[in-house]
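Pasting the structures in now, so scroll down.
Each of the two complexes below includes chain A, the first together with chain B, the second together with chain C.
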Partner chain A sequence: MTVTPNGFDLDNSGRRIVVDPVTRIEGHMRCEVNVDDEGVIRNAVSTGTMWRGLEVILKGRDPRDAWAFTERICGVCTGTHALTSVRAVEDALGITIPENANSIRNIMQLNLQIHDHIVHFYHLHALDWVNPVNALRADPKATSELQQTVGPNHPLSSPGYFRDVQNRLKKFVESGQLGLFKNGYWDNPAYLLPPEADLMATTHYLEALDLQKEIVKVHTIFGGKNPHPNWLVGGVPCPINMDGVGSVGAINMERLNMVSSIIDKCIEFNRNVYLPDVVAIGGFYKNWLYGGGLSGQAVLAYGDIPENPNDFSAEQLHLPRGAIINGNLEEVHDVDQRDPEQIQEFVDHSWYTYGEPGKGLHPWDGVTDPQYELGPNAKGTRTDIKELDEAAKYSWIKAPRWNGHAMEVGPLARYVVGYAKGHEDIKSQVEGLLRTMDLPVSALFSTLGRTAARALESEYCGRLQKHFFDKLVQTIKNGDSTTANIEKWDPSTWPKEAKGVGATEAPRGALGHWIKIKDGRIENYQCVVPTTWNGSPRDTAGNIGAFEASLMNTPMERPEEPVEILRTLHSFDPCLACSTHVMAPDGAEMARVKVR
Partner chain B sequence: MSQIETFYDVMRRQGITRRSFMKYCSLTAAALGLGPAYVPKIAHAMETKPRTPVIWVHGLECTCCSESFIRSAHPLAKDVVLSMISLDYDDTLMAAAGHQAEAALEDTIEKYKGNYILAVEGNPPLNEDGMYCIVGGKPFVDQLRHAAKDAKAIISWGACASYGCVQAAAPNPTQATPVHKVITDKPIIKVPGCPPIAEVMTGVITYMLTFDRLPQLDRQGRPQMFYSQRIHDKCYRRPHFDAGQFVEAWDDENARKGYCLYKMGCKGPTTYNACSTVRWNEGVSFPIQSGHGCIGCSEDGFWDAGSFYDRVTDLTQFGVEANADRIGMATAGVVGAGVAAHAAASILVSAQRKAQSKKSQSEEA
Partner chain C sequence: MTASVLVLGIGNLLWADEGFGVRCVERLAECWSFPENVSLLDGGTQGLYLLPFLEAADRLIVFDAVDYGLTPGTLKIVEDDEVPAFMGAKKMSLHQTGFQDVIATAQLMRYCPEELLLIGCQPEELEDYGGGLRESVAAQIEPALDVAMERLRIWGITPTPGRDPRSTLADASIRRTAYEAGRPSEASACRTGDARFFPENT
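== the complex of A and B ==
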């Protein structure tokens, strides 16, 4: 038994359970745990199992192109890397953006938050709480009553409606071809919902699938497509032309009306369906308050959604910035991404080497030299891993630390920081939810708290989206239709050398890009992304990361069926393509192997 | 195979009326660009064919293809998944994980040998013995080969599976390799784009299910119905190109008027895709309509073709009659003549010179 510096008792003597692939996430991930005789998790090992090398690919390229490359880090949180990238380039080159560009970027970023949170909850996470097979036993009339109790303003609530969905579900299950539901854990006692709640939530799974394709049309209008809309250093690419010649090809009244109607749809769904579902489902699981991990002791947020363009001071950001350590909510530290001491990445347990052990590097000076090797106690072979050796290197994810602390990032981290800072909207949302559910503040620090914070944030982002839409319209009304600043578009106007940092709050948490520009080209580019923080392996000192911490001490109903592991890991909304893409700055190509 | 129901059975059993079913068939026909005469044919196919199992695997990628797929408006993603195919393995969406997920894969391969479609999103990295992408403790390339062995056909979703995409951009550190270079003994349909358009994705699947054959493919293996013409050929801003009316700077008067984005680096003239016709997200817009040039994301190697803001220099010819195969075979040597002959010749030639000097700079860098 070892006690980690961040206070977790690790015991790897019990039975080892391996989950690979972890599904319903973005990218590739593996998880191993040891359970004791009672089936309680006493050791957790989280591994990023993919690596793409995007940063070396960026070297030598035009900084104005970087948004498109980095956007392809992730197609789920599509656009957030692009926004972070254009901010990093603008920061390096001293480019300011116009008011309208700030409003449009905020609308797009908020739109992503809402889309991502809804898709995450219904399509990636719900099946950890909701049993669609059990929904077959529901009474449609009782389901209708439940719907009208928890979400009385949602129009789709009649018994006939639920009966139709149930029939469709019934035929699907009876066909014997269960598709995505195949081999699920449908008789596992970890599922606690009554059939009516299962039917209501499964119905909303389908409704949300229809709705999500509507939400993203905001990206399509401003960025031309989704996934992967287009962005621009210095502003946004879409011009505004309300009533001049050619306005049908630009942002005009018709386009604004479409954006506005989608914003309203988001607000309605959040209020009438998403939040009520979380409250209803959460009510049945309110005694299952495992999975807190680091959330009560060490959380980090960079903040985002600047009220005014080019002003990233903490008090001007609608999503809060700050760091909390040692569980002290009384003190919220400010965060400076430029400070070489604050953010550092370690690789002692990652499949990279710095040449010397124990070293941490700030991203501007980031070095990543891959070194894939299994530890002496690993089982299997290097191309057929049975069990990993966490005392050695065991993940393609690095271990970022804030002043040496392993941190949790994401919606719950933002909400803990916001709550601790007395952020009015966040505080009233959190207090309202806890009151409704009759839970203490401590209940926040759990898997359920993470899931609830995401829903609250989606609701808050809906209101913010409306705020920036109104601001956009007001600015245009005042006679300003500018969307781009091209003063420094031409590389000949740039300094010989420059460096910058861009920060955002991606749906999954704090996201930073660090860029160095030399002679008009990218000299170095580093990203430290949310899942690098959350999915981090152990560091030199032995601190475990947020995923690992969150799994500790959770009892499993049936250790061979990883329902509880999935539930807690999914509550972070892991994004593995994001987390595991770093590459050596020297750009050396590794040996080629023959296509077999 | 008798235990497998037909589409029609399933749709009817799921409460869909005959009338809705026929409506669905005519929408499908329209989506595929087929006339009303095809509606009964589609209906017949759906009434008699079993639901085809689909195994959807993920290599090095960003999941934008899956995200695009669920954006499909016609048919809706939920109808595809519940009523048209049986998505028996897809690690992004499936309920089961770990051993139970792997068992679902094995079970499907075993039960439907030679009768399932393998959809591949992303690609296998071959460096480091394939361990830059690990699934179930083993290299992804092993899973890919294993699932490909008994597949009826393979769909390479998106730029990653078709060409390698961003992780294969120079210097391709992981040796990310497109599917057709690893699997050489199966029919492969490339559906490029980063990501492909949602309705193109579901259109390709629906076509295969409906007609029980692969769509007509071009020389590169792309469905001709969606990839045989350049974005430029059908771009609504094309008249401005022909008239020599160009956006000269971001957000200038010409940008607000919706002039051609050629000078801002638009790759529409060299990109084969359906963006200017099908458009994106239920036809709401496409990149050029929203003011940014096309970045050419459905073309092989588009990441290494210079900056997205460099002007296109390898215009072979401007007529809409040129098809993908002819363009593909044209050599760099004939570039000049076709351009010079065009109405906008002078503007283009100077543009070309500038862009070429830019391009050589970028090659040095």
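== the complex of A and C ==
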């Protein structure tokens, strides 16, 4: 038994269970746990099975192009990477952006948050709580009654509607196309919903699919195309031409009306469907408050959505910035991404080397030099690992730390920081939810809390999106249709050497890009992505990372069916596509579970 | 009513031959203009983002790098019901899990295109982050386009030579020529990648 500096008792003597890969649609991560005789997790090991290093692609390229490359590294949060990248370059070169660009960027970023949160909940995470097979046994009339109780303002609630959906599901399942719903552990006792709640939630799974198609149109309108919309250092690439009728790419009244209608749809869905679903489903899992991990003791948020252009001071950000350590919610520390002492990455347990042990590097000075070696207690071979040795190097993810602390990032981290700071909107949302569900504040620090924070944030982002839309329209009405500042577009206006940092809140947490520019070209480029924080391995001191901490002490109904592990890890919305790169040469199944 | 056609390229262009699909669409858009009912799309690594495009299409042509265990650079053409299974033949990267799910989802939502044509190419190298297409795979772009053009002709579509002004190509900096020419040298940026794919070298 070992006690980690961040307070967890680790015991790796029990049965070892390997879950690989963990994510349902995107990303490759693997997790190994030891369970005791009671089936309770007593040791957790999270590893990124992929390698990345954007610096190996960007070195020597034009900094103004970096966004287009970073947009390709992830299959999900493309726009957020692009935004972070242009911010880093603007910071390095002292480029300011106009008011309209700030509003449009915020609308796009908020739009992505909402899209990601909804898709995450319904299409990547709901099936950890909801059993679509059980939905086939539901009584459509009782489902309709449930819907009218839970979300009275949602128009789609008739018994006939639920009967139709149920028939459609039946046909889909009977045709052998279980497709999306295969690989589930549908008879596991960890599923607690009655069939009617399962049918309601599965129905919303389908409704959310239709809605998400609409949401992303905002990116096409402002970004010129989607997927992979266009971005611009110094502003946004779309001109505003209110008199124009359908001219290519320009923003006109017709397009703005479309954006406005999409924003309203998001707000309605969040209020009438998403939040009520989380409350209803959460109500059945109120006693399953595992998975808190670091959320009650060490959380980090960079903050985002500046009210005014070029002002990133903490009080001007709608999504809060701050760090909480040692579980002290009374004190929220400010975060400075430039301070070489605050953010450092360690590699003692990662497959990289800095040449000497125990060293931490600030991202501006980051080095990505691979060193792949398994520890003496690892089982299997170099190309087919059966069991990792967590005492040695065991992950392609580095271990970022804030002042030496392992931190959780993401919607729950943002909401804990906001709550602790007394952020008005966040505090009232959180208190309202806890009241409705009759739960204490401590319930927030759980898997359920993480899932609920995401829903609350989606609702809040919907309102913010409207705020910036109104602001955009007002500025245009006042006669200002500027969308870009190209004063420093020409590299001859740049200093010989410069460095900058771009920070955003990606849907899954704090995202930073650090850039060094020399003679007009990229000299170094390092990304520290949210899943690097959450999925980090142990550090030199032995602190475990957020994923690892979140699994500790969770009892499993059937250890060979890791519903509980998936539920908790999915609640982070992990996405390793950008933090790392692929291993599984045959990685076909969603979760290959090995019990040893 | 004229059937609408989507010509889609998918894959992550940052991973060497995985960029095959995206590069095919890029080339097609550079050389040909199409009538209104045909859309060209660089789908990149996107999953569910592609649903609205599938919904709008009656017929779909997909270019992708697919690992069938064949000789590198071999084209493999698969149609209709066989497409989803083939895309999952040997899942080598994230986007394929994504696209298989996109097709399954489109089927569930009852708006999957009626006709599907997958033009797949066996990759030679995937484990080269930041790399471009290998010669064997690059050489298959034109033959793959021929297959697509032939199918478009069967569908009654007559393209005209010259770049299509409607096409939304990727940013110039990551189109094939700029992307491959601008790659940092091996000396200045390590390329080893995931050592588990090169155990004999380490």
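One rule holds in what follows: the second predicted complex is superposed on the first by the 569 of 596 C-alpha atoms of A that agree within 3 Å, B and C clash if a C-alpha of one lies under 4 Å from a C-alpha of the other, contacts with A are read in each partner's own complex, and residues count from 1 in each chain.
Throughout what follows, contacts are C-beta pairs under 8 Å (C-beta built on N, C-alpha and C of every residue); 3 or more make two chains touch, one makes a residue touch a chain.
Everything quoted here is computed from the prediction, not taken from an experiment.
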Determine, for the superposed arrangement built on chain A, whether chain B and chain C clash or fit. clash
State whether A:60 touches chain B only (first), chain C only (second), both chains, or neither. both
Which of the two partners, first being chain B and second being chain C, lies in contact with A:525: first, second, both, or neither? neither
First (chain B), second (chain C), both or neither touched by A:562: first
Touch check for A:368: first (chain B), second (chain C), both, or neither? second
For chain A, which side has the bigger count of touched residues, chain B or chain C? B
Looking at A:167 after the superposition, I want to know if it touches chain B, chain C, both of them or none. Which is it: first, second, both, neither? first
Based on the superposed arrangement, let me know which partner A:288 touches: chain B (first), chain C (second), both, or neither? neither
So which bits of chain A does chain B touch that chain C touches too? 25-28, 50-53, 56-57, 60-62, 65, 68-69, 72-76, 78, 119, 123, 168, 172, 177, 179-180, 206, 209-210, 212-213, 216-217, 224-228, 230, 370, 372, 382-383, 396, 577, 583, 587
Which part of chain C faces chain A closely enough to touch in the complex? 12-15, 42-52, 55, 88, 90-95, 97-98, 101, 104-105, 107-109, 126, 129-130, 168, 170-171, 173-174, 182-185, 188-196, 199, 202
Spell out the part of chain B that touches chain A in their complex, as residue ranges. 3-5, 10, 13-15, 51, 53, 58, 60-68, 70-73, 76-78, 81-82, 85-88, 90-104, 107, 125-140, 142, 165-167, 169-177, 181-182, 194-195, 198, 236-237, 249-251, 255-259, 275, 280-282, 284-292, 295, 297, 303, 307-309, 362, 365
Show which residues of chain A lie in contact with chain C when the two form their complex. 25-28, 50-53, 55-62, 65, 68-69, 72-76, 78, 119, 123, 168, 172, 177, 179-180, 206, 209-210, 212-213, 216-217, 224-228, 230, 351, 368-370, 372, 382-383, 396, 577, 581-583, 585-588
Which chain A residues qualify as touching chain B in the complex? 18-28, 30, 49-54, 56-57, 60-62, 64-65, 68-69, 72-76, 78, 119, 123-124, 127, 164, 167-168, 171-172, 174-177, 179-185, 206, 209-210, 212-213, 216-217, 219-232, 234-235, 237-241, 244-250, 258, 370, 372, 380, 382-386, 396, 481-484, 486, 489, 519, 521, 560-562, 566, 577, 583-584, 587, 589-593, 595-596
